[in-house]
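You will see chain A twice below: alongside chain B first, and alongside chain C after that.
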Partner chain A sequence: MSATAVAPRLLGVRRRRLGVLLALLASVAVAVVLSVTIGSKSVPLADAWHALTAPTGSENDLVIRSLRLPRTALGVLAGLALGVAGALMQGHTRNPLADPGLLGVTQGAAFAMVASIILLGASTLLTYIWYGLAGALVASVAVFALGMVGGRGGPTPVTLALAGTAVSALLYALTSALVLLDEQAMDVFRFWQAGSIASRGADVVWQVLPFVVAGLVLALVNAPGLNALSLGEDVARSLGQNIPLTRTIGIAAVTLLSGAAVAACGSLAFVGLIVPHLARPLSGTDHRWLLPYSGLIGAALLLTADVIGRVVAPPGELEVGVVLALLGAPFFVFLVRRRKPVRL
Partner chain B sequence: MTALPLRVGVASWRVRLRGVALTLTGLVLLALLMALNMRIGDIAMTLSEVVTGTFDAGSAAHFVIMELRLPRALTGALVGAALALSGALIQSIARNPLASPEILGVTTGASVTVVAGLVAGGGVYGGVSGLLATLGVPALALLGGLLGAAVVYGLAWRRGLDGYRLVLVGIGVAAVFTNVKFWLLTVGDVNDTSRAMVWISGSLNGRGWEHVAPTALALAVLVPLTLLGTRSLDALRFGDDTVTALGVRVNPARALLILAAVLLAAVATASAGPIAFVALASPQIALRIVGSGRPPLLCSAIVGAVLTTGADLIARTAFSPIELPVGIVTAVLGAPYLIHLIWRSRK
Partner chain C sequence: MRLQAAGVKLGYGDRVIVDGLDLGIEAGTVTTIIGPNGCGKSTLLRALGRLLKPQGGEVLLDGKRIDRIPTREVAKILGVLPQAPSAPEGLTVADLVARGRHPHQTWYRQWSSDDEGAVAAALDMTGLADLAERPLDELSGGQRQRAWISMALAQGTDLLLLDEPTTFLDLAHQVEVLELVRHLHQEAGRTVVMVLHDLNLAARYADRLVAMRSGRVIASGAPHEVLTEELLREVFELDAKVIADPVAGTPLVVPIGTLSRG
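On to the complex of A and B.
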């Protein structure tokens, strides 16, 4: 094919990809508007705008500013983080079963939180989350170190996956033993485990924001290297890739992103499992597009599920984790059945 | 490696001497662990009392051994073997070391029905406890396990069964079941949650002959069946096109092996709950000990039995008199060993 024929086609692909990106951004924006206005108390759009720009201290203003806004912000952050982390994780392990929890973040966070409640007497959400975050980071560093020494010349996908599963199973067992011995910790643990972004407050958003931002930057830096790696390690090496460095950056990004999201919101790691499979048919296997698509789909999905959870069982709410499982997973199964899955 | 051919009728296997030696060592270790386990109870016994009590019908300990301790020890060993064999089959079929009966919806499906039963049965809706009492937790678990597997299989089937699609559908369905389980745990009274957590972890407490029989029956039927299927299993590693070219009819072979894996896991889960990690770790441990291309079936089963029995021994002695659910210890025991094997494989 001549160069003149290739150029317009490439241009068309890029235009299509930008179009999809804009559509996904728009869907996140719609989800944000829904999340701010809909709930056990519906707030008209005009009032919501008023509360943001010129608050007067009315009831609606309070609901919007102290409850809905932090909740929405946390939903966007967690969705972005888990979507991107999931795509990175599946790319690095080349395993469609890999979710961000594979590095041990979920069980690391759970164990640290439960241990902090029982052994250190932690009692407020803000302190649990610090411990959860620390636990997530320590667990994933341990998994990564183990995968590193287990593989030959850097962590290989299989050893990483196995090391993650082993460490997670160990931590989950210890957590189960602790909550079986302490009923108060069990009560906190079961609600965290269900996965929720409700009643977290603005301070929690500020707590996780730096981790998510750092993780997103690392993820974008990692994308071209990951593309080369997905051609196989030999090809990547001959293209001049520093493979251990690329792997380390990727895993660090996954740790920061999923650790922050899971510590704040509970067991939602499977968002990261499902979202990349939804994004891949739109983006193809190019990680420079797959990562942003996954992040945006994650955010839109998480917020939409949260809004549905608020209205579906009045006067109570359904945890976002449950709604996501009940809506997102069947949709995922439908997609898997309908098209031939894009292989990693 | 030294290997001997073994033929029975039309079927033939390569029997590797290293494998035979390891199998025998495993069986001896298993017998020893079971005997050590049977010492524990309201009346502590010595090892020789256990041995005479088992084989001498006239001895004082015979009744206690036969009615209480032997069935519990056998349940542990058989359930461990069944789970591990199921895991080995699924990992071979899916060609994925992370696959386990969870992927087939068995353990997660059973967890949902049992947790729903325990949460609804206790506390708030007292009336349902009658239903739960008649049905029994094992029946509920068996029902949930088979339903879960049917859902996964039905959704994954589309003009044939693609291993990759099966795995993807499996994780989707597992996500639904797991989160419904999490939600059910938040609905009930915290005491019911604790009871449900014990079952979810997998426990051998108070297991009797009624738990031994179904698992033993399932193993007796399914182990020979799966061993006959090893040729197909070896072939399935190479991808569908190659397999067809090798003259194996892919879909019937795979469907039968999956059915065997589902039944093994469902029966084991009904007896002792979804004991964590045995199905996932045992095949990987056996693979690394034996050093073969895919998880070896018999060795995996023996590793599973040893792991579960050893874990039960620790679960009963570590914090005595408090008895931990065995599933907690299988993970505490199996995970470091798997980590050690990964560590050792570096070179």
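On to the complex of A and C.
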């Protein structure tokens, strides 16, 4: 290949990547349609459209507008958030088994929710979620601060993982002790721990939306820096990348995204572990593509799992967290056995 | 003087490796730093490339303190290739080389025709254009090292710092990499500073040798001035004969035995 032949090649790659992006968008759209129409009460597509565009207050209109739509929107948001957060986390730690829970967000949210019920008398879903969100953010900042202690000029992946594990273990112990004291807190905790996007109204969607949007913006800003960092810190620095700033932006993005998702939907962190492994064969190692692909795959996966959970055990429903674990775990084992985990 | 260390004190935490060292790098030369393991040569190279902040003294790039120039601006003038860099699995040669354009890109303008041209030229210069599509982990050690150098070339800097670019390579591949360095210097006018272990190759491919021991510069100058039997005793504790390389005429070290352990 001569010097001039590089251009068409790059153009071809870009065209293919845009094609994949469109295909993933289409699959999210299909999952959205399924999620709006399928459930314990199936709604024909025409009626669903009717409910969205010109509602008349019929039963179907109510089901769609007050239940299915918020549930679907929350599924899209949480899937996007966890997929992107997982890809960021694996990129920053250069560890293919890292997930967003590593920063302590899951246990932070759980502890804050339980503590708010028992110690502060919080009693509505919206309130728990605020506390959960705050708990996730505080835990993550604590992990980040502890991680700084060991590293020179910013936390290193190893000190972060150690600090995250320690903080998570401590919070988990405190949460376990607290829920034994209070039956109501125990119920909320159990339900939350299973992971679900059902029965959260539109107000929860609006509650977490700004955090997810902010997290996604930071993630996209972070992508080129993460590409440089994936060549090692020395090469990244020699390419002119400010490493502490890049790490801080990345971790802030992970915290906002996974904190919002986990507070609203419970521990679905598994999505963050598995989704980047699905996205990487399509995107290659370029985070500018890996992050959006991971977000879209996360949204499609979460919604599809939720739809499966609605129809698999009538008349009841399986929580999406349970479906994801049941389907995801064997799939992950298959993935690891088929291709050795990628070195990052 | 393109690059200068003035009284630098270098180390990690409490462990000081280099103290009060002065070194200047002239434009358009190939300078090679030699010395025994642990003498501080890689530490010095890292400081020259602002990968390590001096605890004292200063590093000057074109007369300005390097830590006062925005790191992205430095990256347009100075490229550093650390020892044994590692890339994520599946990264292709073209993608690696394209990442060398990082300092020239902003988040809203990711790819331009300048980037395109620089990547193509770097691939051509290192003879890797035909391998551009191949994942890095499928290449031989010499090809992989050429790909990393190609990334540093795409960065478009006229100063290049290479930390042991020939480690883990067999002799043929070492020569291959050093021929490339000579080519960069002669054809493209680049200023190169590198750390090498092989004294004979260092003598053949450098304009100037810098011999270090225990964090100090013991001698510096043209290879035939520096690489003497006396210096080998002092710096490496090596008893050796130095003869003229029958091919290049540069000094050739023939070891006899060590002084301390012999």
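As a convention for this text, the second predicted complex is superposed on the first by the 341 of 344 C-alpha atoms of A that agree within 3 Å, B and C clash if a C-alpha of one lies under 4 Å from a C-alpha of the other, contacts with A are read in each partner's own complex, and residues count from 1 in each chain.
Definition applied: contacts are C-beta pairs under 8 Å (C-beta built on N, C-alpha and C of every residue); 3 or more make two chains touch, one makes a residue touch a chain.
Since this is a predicted model, take the numbers as computed values, not measurements.
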item	value
Touched chain A residues, chain B compared with chain C	B
Partner chain in contact with A:A194 - chain B first, chain C second, else both or neither	first
Partner chain in contact with A:A329 - chain B first, chain C second, else both or neither	first
Contacts of A:R237 with chain B and chain C, given as first, second, both or neither	second
First (chain B), second (chain C), both or neither touched by A:L256	neither
First (chain B), second (chain C), both or neither touched by A:V204	neither
Contacts of A:V138 with chain B and chain C, given as first, second, both or neither	neither
Which of chain B and chain C A:E183 touches, first, second, both or neither	first
Which of chain B and chain C A:L24 touches, first, second, both or neither	neither
Partner chain(s) touched by A:T285 [first = chain B, second = chain C, both, neither]	second
Contacts on chain A seen with chain B and repeated with chain C across the two complexes	343
Chain B residues within the chain A interface of the complex	96-99, 103, 155-156, 158, 164-165, 167-169, 171-173, 175-176, 178-180, 182-183, 185-186, 190-191, 193-194, 197-198, 201, 276-277, 280-281, 284, 322, 324-325, 327-332, 334-336, 338-339, 342-343, 345-347
In the complex, chain C residues that touch chain A	46, 49-51, 70-76, 78-82, 85-92, 94-96, 99-100, 102-103, 105, 107, 110-111, 116-117, 119-121, 123-124, 129-130, 132-133, 155
Interface residues, chain A side, partner chain B - complex	95-98, 146-147, 149-152, 158-159, 161-163, 165-167, 169-170, 172-174, 176-177, 179-181, 183, 186-187, 190-191, 193-195, 267, 270, 273-274, 277, 318-319, 321-322, 324-326, 328-330, 332-333, 336-337, 341, 343
Chain A to chain C touching residues, read off their complex	1-7, 9-10, 94, 220-221, 224, 227-228, 230-232, 234-235, 237-242, 280, 284-286, 288, 342-344
